[in-house]
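Below: a set of structures, written as structure tokens.
Next come two complexes, and both contain chain A; in the first it sits with chain B, in the second with chain C.
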Partner chain A sequence: MKAVRLELYKLRHKHLFFMVILILLVEIGWAFMATSMSISRNPDNAGWESLIAMLSAMNGLFLPILTAICVSRICDMEHKGNTWKLLLTVSVRRSSLYAAKYAVASIVMLVACLLQVIAITTFGIMNGFEQPVTLFLLARFIIGTALTTMIIIALQQWVSMAVKNQAFALSIGMIGGFIGMAADLLPTGVRRILVWSYYTGLSPITQSYTSEKMQFIVRDMSSLLPMMMVLIGAGIGIYLVGSIHVSRQEV
Partner chain B sequence: MLKRCISAEWMKLRDSHIWMILMILPIISVLIGSVNFYMNQGVLKKEWYSLWSQVGLFYGEFFFPILIAICCAYMWRLEHHNKNWNMIMTAPVPTTSIFLSKLIVVGILMIAVQIFFFILFFLGGKLAGITADLPRELAGWLLRGWIAALSISSLQLALSMHIRSFATPIGIGLCATFIGLGMYVAHLGLFFPHSLLTIGMGVLSQTSLSFSESLLFIIMNLLYIAVICTGAIYRMSRSDVVA
Partner chain C sequence: MNQIVSTHGLSKRYGDTYRVKDVNLSVNEGDIYGFLGPNGAGKSTTLKMILGLTRPTDGKVTVFGKNFGANRRLILSQIGSLIESPSYYGHLTGFENMRVIQKLRDVPDKNVTEAFKIVRLENQKDKRVGQYSLGMKQRLGIAMAILSFPKLLILDEPTNGLDPAGIGEIRELIKSLPQRYEMTVLISSHLLSEIEQMATSVGIINDGMMMFQGSMTALKNKNRPTIMVKTQNNKLAQKLLLAKGFSPQQNEDALLFENLTDHQTAAVNRSLVEANIDVMRIEEHKKNLERIFLDITGKERSL
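Right after this comes the complex of A and B.
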């Protein structure tokens, strides 16, 4: 807990939250603009389903890159300041540092997910959606987004800490954004093994074209649960491998 | 002096493996775009133009600008490390040469990326079974894409020089791609470097630019490069460094 507090203390002048909010504002603004245009063309689209589906699709592009930036900033300060040796001489275990950095990155990204939900709700209410706020759908949206993000954080943290050159970590984030955006075009087998595709894969809403008309379908929760379990297992695996690898690296 | 600075920048890039980063994204863009084109040939009937719309959209609209941002952030990474700002500013080298050498090196890297992208695009089209001749607009798209990439590079270099963090300028670059898309949609594309890339590479509209449009495009890019470089060099020579 003390390590987490210290990580947050180190970030106090880094304007990390400001940057996350700035990028989120661009994403949310873009998603809401696209939804407004879609509603003006077809008033039937004025529902929570279309809004959640739009933001899930946008998350596929934005959140991998945002996560890469966020994690890179949290990890790179130790590389840049040459503080690894300093930290290790105060007898802090490297696995504790790794865990603290993971926790802080998760906190920042969870705040980002929560802000998205608040923005969705505000947009829906302001646009006078007829249905009441669907808390169940929003809860599923936030669980899916947060879970995928936390696994991506584990992956990004491993790369950001193991490789000093942050260009690699950010390139992985960029490739992740590409995969997240194009996830629906990929075959199911390929999609299953690429973690970035789960922003749309775990979204409570899916889209389908029937007779040249787009329909929003609410996914069955039970069909997503086994996938979530596998993802949690994969996330824990990536985290442990990353933590062990980084702890054994020479400083 | 500029020549020496350029060779120094090349030396800094030695063993950086930046080429891996520069190559992987065009490969993924073309791979996914070509597969999508191949699977939907019933709808995408305009051969090379349709392939360009699939391949070029993601590459030119989103990932090329971010690739430029990563590359530019990398160019200043060494200066932000240790006490290297003090070293570089006390070296008998004009600040103009320091900044311009980085821009020139990024420009050369971007030429390589564009050529590599063209080769992949050609191979992707041939493998997807396109038999028609290459579109005559293609050279213009690639060249104008490179010119716009120089404008974006000068902006990103200026940001990365000023901001010590490696990732923050890339985040700003991500936001800028979307602002650029908005400006393009609002027909204000000439007033933002990222929109100029959309116009130049013909990623959203595969029509060729007229002579006057091309001239205006080049003038706007040169203006951006001149203004941004002058501002960045002035700032570098006047403000104190934080090492």
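Right after this comes the complex of A and C.
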């Protein structure tokens, strides 16, 4: 806990939350504008399903990049000021520093996910959606998004900590964003192994075209559960490998 | 006296070459131990191994009489250090940087105030460290190192990047630490003059090997004057003087004598003149510490 508080302290003057909110605003604004347009064309689309599907698709593009930036800013300060040596000589364990940084990145991104849900709810109520707020769908949305993000954090943190040049980590974030955006176009086998595709892959809503009309279908929860378990396992694996690798590096 | 740091056969190999080989370093309580060596001699690597930042290929490190590997946390809690370039969070202010270390070290607020006062950064502590000059960063590094007023202070080239006034100030500060706070200081430098002015013991390392270790006085005792005699015929003169019981050494175009008293010098001169060998010059040569250092570390390369 002490280590996490210290990491938060070290983020002072970094304007990290401000930056995260700014990027989120752009994303949410874009998603809501698109949804408003589709509602005005076809009032049948005025439902939670279309809104959540839209934001899931947008998350595929935005969140990998946002995560990469966020993690990079948290990790970069140790490289920039040569502070590894300093921390190790005051007997900080590298694995606990790694854990604290992971925790802080997760907190920031979870806040981002929560803000999205609040924005969705507000938008829905303001646009007078007929159905009541579907807490169940929103909960599934937030679980899917948060889970995917936490695995991406593990991956990004490994890269950001192991490779000093942060351009490398940010490039991976951008490639991830591209994959996340185009995920639904990829064949299933490829999609399964690319973690960025799970923003739409774990979304409670899926879109399908039947008789030239777009339909939103609520996915069955039980079909997603095994996939989530595998993902959690993979996330833990990536985290451990990263933590051990970084701990063994020479300073 | 109590040994604070001792290493036994400490070695570090990178690939096929040894950066540090069989170093037996020993620092006594209350010492200011000057660790001297040219650039790339293995000073930093040795210090890093003492601090556990680098794993030795071979050898043992004992600090405060305890094995380092087994008592790492305990030992590190009593060492303050500044290794190579100063470490800092550029986006935080000097004060916030100190706070980070304070929280890790678990020391009271008054230590922060005092450490700032000692390095004279009180007026700059609310400025971001990214905007500090190199000298100020160096001072902040020293302040962080002494924050917990540790028993052992390890400083790797602490005067790098400081102006002459700053160097003098830091020197006075380091000299005062053993008495004021009962600290033992292990300080490395490639500048002999630096070490000469503050160290009580010296270790000289070159190419990863310890060339000399002992008190400053012992090093200075190597500083014996030699007498150089230049004659018309050095070969003949050497033969003659050897027969008379002197031990001249041929050196370029002159003869060199060690440990010669004034009377003996006069006797040498007389013998030569009587043997009809013209004496052109008699000079006394004093080796300064610089010379000794260069002799120990070998070639006259850049220090």
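In this text, the second predicted complex is superposed on the first by the 251 of 251 C-alpha atoms of A that agree within 3 Å, B and C clash if a C-alpha of one lies under 4 Å from a C-alpha of the other, contacts with A are read in each partner's own complex, and residues count from 1 in each chain.
To be clear about the criterion, a contact is a pair of C-beta atoms (placed from the backbone, for glycine too) under 8 Å apart; a residue touches a chain by one contact, two chains touch by 3 or more.
Being a predicted model, the structure only gives us computed values, none of them experimental.
Trainee: Quick check on the superposed pair: does A:213 touch chain B, chain C, both, or neither? Answer first, second, both or neither.
Mentor: Neither partner.
Trainee: After superposition on the shared chain, which partner residues are touched by A:170: those of chain B (first), chain C (second), both, or neither?
Mentor: first
Trainee: Is A:12 touching the first partner chain B, the second partner chain C, both, or neither of them?
Mentor: In the superposition, A:12 contacts chain C only.
Trainee: Who does A:65 touch here: chain B (first), chain C (second), both, or neither?
Mentor: first
Trainee: A:41 in the overlay: touching chain B, chain C, both, or neither? Say first, second, both or neither.
Mentor: neither
Trainee: After superposing on the shared chain, does chain C or chain B touch more chain A residues?
Mentor: B
Trainee: Tell me which partner A:248 touches in the superposition: chain B (first), chain C (second), both or neither.
Mentor: Once the two structures are laid over each other on A, A:248 reaches no partner at all.
Trainee: Which holds for A:80: it touches chain B only (first), chain C only (second), both, or neither?
Mentor: A:80 sits against chain B and chain C alike.
Trainee: Do any residues of chain A touch both chain B and chain C, and if so, which are they?
Mentor: Touching chain B and chain C on chain A: residues 14, 80, 82.
Trainee: Which residues of chain B touch chain A once you look at their complex with the stated criterion?
Mentor: Per the touch definition, chain B meets chain A at residues 16-18, 21, 24-25, 28-29, 32, 35-36, 58, 62-63, 66-67, 70-71, 73-74, 77, 80-82, 164-168, 170-171, 174-175, 178-179, 182.
Trainee: Flag every residue of chain A that touches chain B in the complex, lowest number first.
Mentor: Of all residues in chain A, those touching chain B are 14, 19, 22-23, 26-27, 30, 33, 61-62, 65-66, 68-70, 72-73, 76, 80, 82, 165-168, 170-171, 174-175, 177-179, 181-182, 185-186.
Trainee: Any idea which chain C residues touch chain A in the complex?
Mentor: Checking each residue of chain C against chain A gives 51-54, 72-73, 76-77, 79, 81, 83-92, 96, 99-101, 103-105, 128-129, 144.
Trainee: For chain A, which residues are in contact with chain C within the complex?
Mentor: On the chain A side, the touching residues are 2, 6, 9-10, 12-14, 77, 80-92, 250-251.
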